[in-house]
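Consider the two complexes below, in which chain A is the common component and chain B and chain C are the respective partners.
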Partner chain A sequence: MNPPKRPGRRAVCLLVLFSVWWVAVATVGFSAETVSSEPQVKAAFLINFAKYADWPSNAFEKANSPIVLGVMGDNKVSEELQKVIAGRVINGREIVLKRANSIDEAGACHILFISNAEQQHTPTVLDQVKGHVLTVGESPEFLEKGGVINLVRKDQKIALEVNLTAADKAQIKISSKLLSVATLVKGKAN
Partner chain B sequence: MKLTSSKSKRLGEKAKGYRKSYKKRIWAALTVLSVGAVWNTQAASTATNSVIELSLEDLLNVKVTSVSKKEEKLNDAAAAVYVLGNEEIHKSGATTVAEALRLVPGLQVAAIDANSWAVSSRGFNSQFANKLLVMIDGRTIYSPIFSGVYWDVEQLLLDDVDRIEVIRGPGATVWGANAVNGVINILSKSARDTQGSLLYGGGGNVHLVMGGARYGGKIGEDTYYRMYGTYQLNDDFLQSNKARNNDSWDLQKFGFRVDSYTKREGHLTWQADAQGGKLSDESGSTFGFNTLGRWTQTLSERSNYEVQAFYDHIYRNDFLAEVILDTADITFQHSFGVGEKNDVIWGVGYRYTDTQIGKINNPAISILDHNVPLNLASMFIQDEYKIVPDKLFFTLGTKVEHNDFTGVEVQPSGRLTFKPAENQTVWGSVSRAVRTPSEFEGRNFFSFITAAPVPGPSGGIFLPTVFGNPNVKSEELMAYELGYRIQPNHRLSIDVATFYNDYSRIISEPTKIFIPGFPFGTLAMHPENSLTAESYGGELAVTYAATEDWKISGSYSLLILNAHGNANLDAENFELNAPTHSVVLRSSYDITKQVTVNGQLRYVDNVNGIQAYVTADLGLSYRPTPNVEISVVGQNLLDDRHPEQISQLGALTTEVPRGFYGRITWKF
Partner chain C sequence: MVSFKDLSLNTKQRLIIMLISSISLLMAFSAFSVYEVISFRKEMVRNLSTLAEIVGDNTSAALDFNNSNEAEQTLGALAAEPGIIGACIYRTNGVVFASYDRVADDIAFEAPTLRAGGHVFERQRLILSRPITHKGETIGIVYLESDMKALSSRLKRYLAIVGIVFLAAMTVALLLSNRLQRLVSDPILNLAGIARQVAVEKNYGVRAKKKSDDELGQLVDGFNAMLEQIQTRDTALETARDNLEKRVEERTRELESAHKQLMEASRRGGMAEIATNVLHNVGNVLNSVNVSTGLIVDSVKKSKVLSLGRLVALLKEHEADIGTFVSVDPKGKQLPAYLGQLSEHLMADQKSMMAELESLRVNIEHIKEIVAMQQSYATFGGVKESISPVNLVEDSLRMHEGALSRHHVAIVRQFEEVRPINMEKHKVLQILVNLLRNAKHACQETDKPGRQVTIRVFEESGLVKISISDNGVGIPQENLTRIFNHGFTTRKDGHGFGLHSGALAAKEMGGALIARSDGPGLGACFTLELPAH
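Let's look at the complex of A and B:
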């Protein structure tokens, strides 16, 4: 005869402890929230850009005027921004979120994120937006069309590409810290 | 091919000595884990919105997941599915595919000796676990000669494996025969995602030497390639009396993969691998190569087609015989929408397998036919009907196959999915699946002496010998499954699957005929469809990202199997080969940006002749720069060595030793 099969006390103890552990873990789990999805990481980059870009003083009405962050297209990135942007102050300026639905609205932003959903309109927007707008995109030819910063997916991470000519044209100084982690790409000056 | 009952009794007695020390270790380990849970309660409440707070440099290192259509579908799947991702495999410290599979909830993975494993899902585990279909990039590695998998030739470069998808339960409607108790699909990354160089090297006391290299580059604008090579040398396992088992083995594998994407959503893949190695000190060598091409064309959001062909050649000279196996396979599949509510997928396929037996290395075997061709033609069709869009789906499908032994096999399934909310899925299914007899069972080309000579009823000595039986039919399964999945939030997911499996026509050798002879008579045994069985149980899997830095997961599997029939010993063996309870707990914690600690604890209940055991693996990895990783891994740490599975070939049971290895990985 083979040895009898019985779960035994050991297994029962193990199961009880296992369940207790998971109940503890699950209770905590139900109250937690975030995860690093692609829109969330992109939102985090956009907020970071406000820290590492310098606008000419005439880009703001007053010394404490807010930095306007506009989103064209993608709702997911703006949803992520919405969750975290309230009350955030960067370099003494509040940062506010706006939807940019027209060229005029786009031109009133300091940072403008143009999502892939707006790919068709990207060239038009980039051509027509005047003023000190740091344009950020996520499509392969964004810099060639005159955008300033491109968020590109490399393997499973997001990498940065910067078009310095376009930044100069918009009179925006990008800090060396940002440039040191980005790839410089020659693109069309806006 | 069975172990005699007296041998398993001896092993059972020996294993009893392990019991006491295990008990202490379980308690110690669980105390640590419980303390962890309490600590976790405090840690989690402080971690919100942490991605937003990251610096620029850190953001560049955050991995992002964009759930693709296919992956989304997997989460909604009306089946017990688990996906083991690249990072999980990497963190586990696994050096072989079989080791990585130990992490999957509900899979039974047991090392028989240094180079063979028993891998199964929901029972019937053995070296010749014949109810599980295993594929690499769509190429089946299930061997028709003995209905199982040669795990030792699959020494993949694990860094280039994208994921391992595991379906527990029948997947026969889409995948076909032998996907009875489960399907394992190992998928490598596209060459587009493995650009650049990777080098790794290391070694330890069990895995003596390991090394590999990969280079990925671009041929044209949208065409990518990679080339790789791996080598691993593994030491002998020990027998229970500490004697070396002489089963050390090595394997080298080389290959390439090319992926080309067209502007119009077409994707061409061409890949090839070749491998060679020494099977063990005394019993021979293996060599093989394969090549596969696949063309996928997306026609619209709901429509695409795929054409795939592969050729696989395996030469294996082991202690039984010299076997050459050639497989050629071509498949076509097409999916499209019909109206708003129906999505149809259908396909056809043809496979030709040629088995040639060369010289015989074991006097127990005699060959009646050296060349065994096998034709397999198949088609499947499946419709997903949206009863209520986004809420309630019904999927009905069937596979129809024709093979040379058993003729036509029909394998239908019906599945219902209900999504009460976006983050919850309730599913149920009823399916039929078959396991076609192995060539050994179903054709009379081969006989095998399975045990020591026995005295006959009226004197004389007889050798128990198994012969093939061309009249044997496929084993049959009716499976009933019910499952529930919930993601209360992005950090936590819970997956419960339950099943009731009803097996009939299970093959065993109940009838014994004494044929007199000199000096020995033959005790002839023929495979027959003589057993039935039912099994039930379930699996619970929970994964939880406690904080950005700490991820834990755990799974529990319950399996109860009852087999009935004339051949009592076989029925009993089937019952005994199912561990009633098994548990896997895992934790991965990034102490700093550079240092990660990974641990896992596994409990496996008694199986045939082997006492229950608990064991743990622990790994520490250090990344001085983002491109370099130095890791130290301890495997099977809780004892000097323990047995996991008895050999079906009557060999002495060997034990899995505690192992350590170090490894350096460099990407550039």
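Let's look at the complex of A and C:
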């Protein structure tokens, strides 16, 4: 940067320095208390999927019927979900958390998270679950097995993989916005 | 430097028109410029808001799914908008999620502190922030910073257009003003031209042409009416002047004839004076003649001729005895002695009478001379002849001879050899007689002894000069200047005409009459200057 010559420049410099300082402090402070754990991130993602997916109208009983988010397996994620889900309203619909312990229960969900803990049941669940369910998994071959969205670890971050064929089959339209931050993977059409 | 009020009417009008049109144009242009700036700012805000919305929309997924790379990529698309200096996206908690810095500038963009939504113009920038909402949820804030280069370049373009339009408008205004101002200025200039023509040529017959019925038309009417009046007055004046000329001519003629009459009168007066002098002189001589005649009569009365008769009768009585009577008679004896005495007496008588008769003859001769001289001057005037100035002086002296000697005024003659003059004799003589008489009077009025009049005849610078100076009362300084005025006199019986006519006559003859005096009691000197023949 050029040495400050004009008062305007000096002001800009001060502002920039201040900003840098502020950003540094803020980041440090923020990261100290809110460095997101994997379950936290995944919980946030799961809720956010509700915003980027369009279910057919017959997936809901009424116009203001809640979106049902079901979790199969992992307790940590459902714990985090429990913390943040209260009061979330997406597109005029409440979002409610349920445990999905059976295929039937899973089929009643709009979003179904199958954790790694249920890895061995995954193919079965994916094969058998009917209806308009956005299935989200976290195992390496989730999409190949017929899942719609897979959460994968990539560069210290959680990345998204989407199987559009599976989404089509469930008659769920995935927003292009979500696709822009996701990797498309061809998988089993379930 | 010519000041505005001295400029010609045309230039003034043109300047005023140009000034007004340029002021109105500039006002219109400034109003448009202000409007332009305001509307452009609004447009900028609108555009930037739209951009912020698009950016927010496009980065909502990235925010939701924590993909700042994607967000940065989306922001990177802002490179297509050259005005954007920098941009950034915050999470709702104020943490910078992604940022963009324009590559093509040297200003490092750092995401500033999060501020409230809205826009602000500062430091030649437009700063705008908008919340990012998706499906009813606010998930972040987009912040955009744009420079104002678009505005300034637009303003520059605008100014260029304004300049061109201004020039064009002014050209049109100039052309129009050239044409339209004639409506006003042509009649005025025409009027001014006619006024100039009137002033220079003094021609009041010209008229200004009336072209309209407005105030200018009234002005032209008024001007023409004025000219009409002037012309009328001019004519009246001219008539008056002509009349005056005629009257002056008449008066001049009258004056000339009066002058002639006066001259004639003066000539006659001069002649009368000469005649008076002559008669005076003749009278003087006649006195002597009278005395001589009386003496002769007396001597004839007392003559012894009677005694001689008585002697003859006695002798006749004694005729017979003459011898006896002479020798014997006592009476007869005395006879020879008596005869001797008688003859002596008769001889003496004859001698004295002869002397008286001689004197008588001389006097009569003198009278003859005087009369002859008078006759020689009394001949009609107008004939010039060559005269000797000295002779003229002598003649004039002769005319005053008696009076001068009577008043014991001594005459000193200082005559030099001079050329003759070619003049009318009587005119010069009249002047000299007049001057001599004045000199005599001047001497008479003083009690000083040794009254004396000096007459000089000499030539100086081609002029014959005759100066007559006296040692009489002199002339005060104040009178010297008006001594030649008509009617000026210091004598009780004077008529104030002599010197006046003398000076006039001298001038008429090509000479001059000059008076000089050192003051009262110091005498005076009059010099008659005449051109030599």
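The rule we apply is simple: the second predicted complex is superposed on the first by the 155 of 190 C-alpha atoms of A that agree within 3 Å, B and C clash if a C-alpha of one lies under 4 Å from a C-alpha of the other, contacts with A are read in each partner's own complex, and residues count from 1 in each chain.
Convention: contacts are C-beta pairs under 8 Å (C-beta built on N, C-alpha and C of every residue); 3 or more make two chains touch, one makes a residue touch a chain.
Since this is a predicted model, take the numbers as computed values, not measurements.
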item	value
Contacts of A:141 with chain B and chain C, given as first, second, both or neither	neither
Contacts of A:48 with chain B and chain C, given as first, second, both or neither	both
First, second, both or neither for A:94, with chain B first and chain C second	neither
First, second, both or neither for A:153, with chain B first and chain C second	first
Comparison of chain B and chain C by chain A residues contacted	B
Which of chain B and chain C A:84 touches, first, second, both or neither	first
Partner chain in contact with A:40 - chain B first, chain C second, else both or neither	first
Chain B versus chain C as contact partner of A:181, first or second or both or neither	both
Contact residues of chain A, present in both the chain B and the chain C interface	1-2, 8, 11, 15, 18, 20, 22, 26-27, 30, 34, 36, 41, 44-45, 48, 52, 157-160, 177-178, 181
Complex contact set, residues of chain B against chain A	5, 8-9, 12-13, 15, 19, 22-23, 26-27, 30, 33-34, 37-38, 40-41, 44-45, 47-52, 54-57, 59-66, 193, 488-492, 494, 542, 544-546, 548, 552, 554, 556, 572, 575-576, 580-581, 583, 585, 603, 605-606, 608-609, 611-612
Chain A partner contacts - residues on chain C that touch it in the complex	57-58, 60-62, 64-67, 70, 93-96, 106-108, 110-113, 123, 134-137
For the chain A and chain C complex, residues of the former touching the latter	1-2, 8, 11-12, 15-16, 18-20, 22-23, 26-27, 30, 34, 36, 41, 44-45, 48, 50-52, 88-92, 157-160, 175, 177-178, 180-182
Complex contact set, residues of chain A against chain B	1-3, 5-8, 10-11, 13-15, 17-18, 20-22, 24-38, 40-41, 43-45, 47-48, 52, 83-84, 153, 155-160, 177-178, 181
